[in-house]
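Both complexes shown next keep chain A, but they swap its partner, so chain B is in the first and chain C is in the second.
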Partner chain A sequence: MPVIELADVSRAFTVTSRSGLRRTRREVRAVDGMTFSVEPGEVMGYIGPNGAGKSTTIKMLTGILVPSGGSIRVAGVDPSRHRLKLARRIGVVFGQRTTLWWDLPLKDSFAVLQKMYDVPLARHRENLATFVELLDLRDLLDVPVRQLSLGQRMRGDIAAALLHDPEIVYLDEPTIGLDVISKARLREFLAQVNAERRTTIILTTHDLDDIEALCTRVMVIDHGHQIFDGTLDGLKSSQSAPRTLVVDLAASLPAIEVAGATVVKVDGPRQHLTFPTSTSAAPLLAQIAANYPLVDLSVSEPTIESVITQLYNSA
Partner chain B sequence: MPSQWCPNPRVFPDSGRFCVPLWLSDITCFERRLRVGVYWAIAVRSFRRFSTYRIATASGAFTNTVFGFILCGIYLTLWHERPGLGGYDTADALTFVWLQQGLLMPVGIWGATTTGELGERVRSGEIAVDLYRPTHLLLWWLSVDLGRAMFQLLVRGGAPLLVGALVFDLKFPSTPQAWLGVAAGVFLAILVSFGIRYLVALSGFWITDTRGMEQLALVLSTFFSGMILPLVVFPGAIGAIARATPWAATMQVPIDIWLGRNPGGTGSALLFQLGWIVVLLLGAQLVTSVATRKVVIQGG
Partner chain C sequence: MVERIVRAPSQYWMLIMMWVRSSMAYPASFVLMLFSSMVLTVMDFVAIVLMFSHITSFGGFSLAEMALLYATASITLGIADLFTGSIERVGERIRTGTFDAYLIRPVPAFLQTAADGFALRRIGRPLQALVVMVFAFSRLDVDWTVARGIMLVVSIAAGTVIFGAIFVLGAAFQFVSVDSAELANSFTYGGQTLTQYPLAVFGKEIVRAVTFVVPLAFVNYYPVLYLLGKPAPLGLPSWIGLLSPLVAVVMVALASLAWRAGLRRYRSTGS
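Our next item is the complex of A and B:
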């Protein structure tokens, strides 16, 4: 049974703009006709450009915003009607905000959470021990949160969101501003939590590496509409973003001519060609090797960035 | 699920057939079993938090003490010219000064860090984060404010009073019952003040710029709490009105309980405070519900 179900959900806002003395009211649809469901244990990447309707959807899923149309069920309840009840079963992390007590040691925040979510003490200790171990928080427990680095604070926030064994966790840009090592560590931790506890994770991010590392499913939205829902590989092959072939020749030549590929850049003896994802690279190589002094070559797949850019532009 | 949350599923089944409107369901939504533990834990953390600001606390207490001496100079002159003004003798007037300086911060006559932060969260929209917690907004902030007030009462309240008592001949309650009355009066004063500050902070849901509101609250609070002059010195209708406002319940009333100068005795003074607490906290809960609905339904 799906843990999250949306049926034809939309959300409109009334925007009042004033020019001179005239006031005009206009309805903006932030989310329009959204229908999808998420199974327990899924890790879904939820991506879209700024203003696409990502946070509006998350707010409706957590019950702090009522949809203007359609129906939502999260963990078996209507979120806006049972906001407080639902709050005990979900975890939320905002990359740019903290729910920790700023001036107090990290452990104080955890102690309040145990009371707040009525977590049995034994279970709380067990969870805390696990997260302290996995997120390397041991030396940070006695440090006031304001003295933590961004990466350390983020680890604290993630642990705080998971201490009460939530069924669903919403992560809003959890890796924003973190260095490469901190990012990798956080992703590894989330993957482990998902695997061991079957926690459903909804991840909104602009960092597509997060998606590559974690998500079994990707949803792309733009202007309040779903424009893609499927696996990452599915996303890549859904778009005809070209692959790139880089060849090193024995000498600097003018742009070479190859059937089925086009030269986009000549850089001394090195030439860059693009060709559609659907065609094989082998016949192209044969052609080039037969006609030109080929020294070395490499083929690169389209980047997820280029795929998504293309998706936004075509929507 | 250890504790149940309303709407009571039997009365308001989720089928949608028998549901009350959302705005009503939120107002009628109370915890059936109030989880005291979490609010106590919050108050304790808030107390600890304020105890980390050592230098600010020390310099604040010093400022209160300096102002205490300045005001004593003024009041001594005033009561020398008009002995028995407002029914106070000189010792009453001087005790008033040091109690006033001691209560200023704990009660939050000029606002407090906690409710100031609440107002800031309303303005920035960060208040939405508070709605993700399975706790009541009003009770959360009340606990935070009580933790702050208890710390400031112990440190910022005690220090000026101690210095004042060393230099001047001040009045102190003489019986355990009188001390109990003072403790109750101060506690209720903090609740009244919280009610007012909370409402001012939440006004940000409707007014884009709450600075005007805060200024107005500051002026009203400064005058009607008795910060400028004890309210007992104001004659006739002005005095009667001033002593009936909720601000009177934040400072004038608890000080009068200390001095044993309440016209109707300590009991009626406490009832007066309780009356304002009921009005303000009910109003605060109503405003919280309406504001939450506004965020949830209109989107902020």
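Our next item is the complex of A and C:
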């Protein structure tokens, strides 16, 4: 049974703009006719350009925002009507701002959360020990949140969101502004939480490596509409972004001729060719090796960025 | 709903204790802040005492009677400020987007906002006012009965609730206009300054306004008039001083409706 269900959900905002003395009001649909469901234990990447409606959706799923149309059920309840009840079963991380108490040491924030969520003390200690270990928080526990670096604060926020054993965790841009190592550790941690606790994770991000490392499912939205829902491989093959073949020849030659591929760039003895994802590279190589003095080669897959850029442009 | 109300006191207590513990991490600094809060707030009364070195009566009130007015105004505002004063920061939280963090927690946003940054040092104001009250009663000739005693305690509680409700109303208004914190301040901190004087000296229009519009006169003025056996202004009956609890109930109802409306607006407009 799905843990999250949206049926034809929309959310409109009234935007007031002023030009001179005249004020015009216009309705903007941040989310429009969204329908999907998420199964327990899924890790779904929720991506789209700025202003696509990602955060609006997350806010509706937590019950902060009331949808203007359609119906939502999360963990069996309507989020906006049972916000307090639902709060015990979900964890939320807003990457841009902390949900912790700015002036309090991290350990005090954790202690308050234990009481707020009525987590049994033994369970709280167990969870805290695990997260302190995995997220390397030991030296940070006595530091007020305002003195933490962005990466440290994010680790604290993520631990805070998981302390009450939520069934569902929403992460709104959790890796924003983090360095490469911090990102990798965070992803590893989230993957582990998902594997061990079957926590459903919904992740919005601009970092496609997050998706690649974590998500079993990707949803792409733009202008409040879903434009793709499926696996990452499905996303790649849905678009005709070409693969690239780079060959190094023994000598500088004019553009080579190969059936099924096109030369896009000649760089001395190195030539770049593109060919459709549906074509196999082997026959092309055979052709080139037979006709030209081939020294070295490499094949590269389309980057997910190029796939998504293409998707946004075609939508 | 019932469960929510039953749990509220312990949840609120848990939240404020968190702040108390954190401020107690630096005890010397806490004591200093408490002391300076007492000294700062008692200055209003010092001004009244200085005034009485030139006069013997102000608006029909002797120094001891003025001390009682001052003390009741300061105690009620002080306690309300201690427990609900932080709620005025809601506008700032809305502006910076951190209000959302309250809405993802299983504790009502109202409690979290009211407890936000709870500062125990604010107890300095009601503490100094209590000292002034002891001084007032030592000089006043009140014919104490059990009923009068209860009436005084209930009136102070009602006055505290009225000020608290005004803090909440002001905060609720910030859902509409995030920069309006100062507006509420003029009724709360400003209201305390007003109510430490016999309101009749400000003229009938002001008395009408603080009786029927923003019922600040019920915080302490009418109860004190009743206690001292003085007639009420505007030809109002003297038992009007007994109505404070009723006014407090009405104010709480209004504040609660306003807060809910504000929160609903926030959740449906996203700003």
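Rule of thumb we're sticking to: the second predicted complex is superposed on the first by the 313 of 315 C-alpha atoms of A that agree within 3 Å, B and C clash if a C-alpha of one lies under 4 Å from a C-alpha of the other, contacts with A are read in each partner's own complex, and residues count from 1 in each chain.
FYI, contacts are C-beta pairs under 8 Å (C-beta built on N, C-alpha and C of every residue); 3 or more make two chains touch, one makes a residue touch a chain.
Keep in mind that this is a model prediction, so the values were computed, not measured.
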| task | Answer with first, second, both or neither: which of chain B and chain C does A:Asp103 touch in the superposed model? | result | both
| request: Report for A:Asp78: first if it touches chain B alone, second if chain C alone, otherwise both or neither. | output: first
| task | Please indicate which partner A:Tyr117 is in contact with in the superposed arrangement: first for chain B, second for chain C, both, or neither. | result | both
| query | Which partner does A:Arg88 reach: the first (chain B), the second (chain C), both, or neither? | reply | both
| Shared contact residues on chain A for chain B and chain C? | 13-14, 56, 59, 62-66, 80, 83-85, 87-88, 90, 92, 94, 97, 99, 101, 103-104, 108, 111-112, 115-117
| Taking the complex as given, what residues does chain C use to touch chain A? | 4, 11, 14-15, 18, 21-22, 96-98, 100-101, 103-108, 117, 267-270
| field | Of chain A, residues touching chain B in the complex | value | 11, 13-14, 56, 59, 62-66, 77-78, 80-85, 87-88, 90, 92, 94, 97, 99, 101-104, 108, 111-112, 115-118, 144
| message | Could you list, by residue number, the parts of chain A that touch chain C in their complex? | response | 13-14, 56, 59, 62-66, 68, 80, 83-85, 87-88, 90, 92, 94, 96-99, 101, 103-105, 108, 111-112, 115-117
| said: So in the complex, the part of chain B that touches chain A is made up of which residues? | reply: 1-3, 5, 7, 14, 19, 22, 25, 29, 35, 37-38, 40-42, 45, 48-49, 52-53, 126, 128-129, 131-135, 295-299
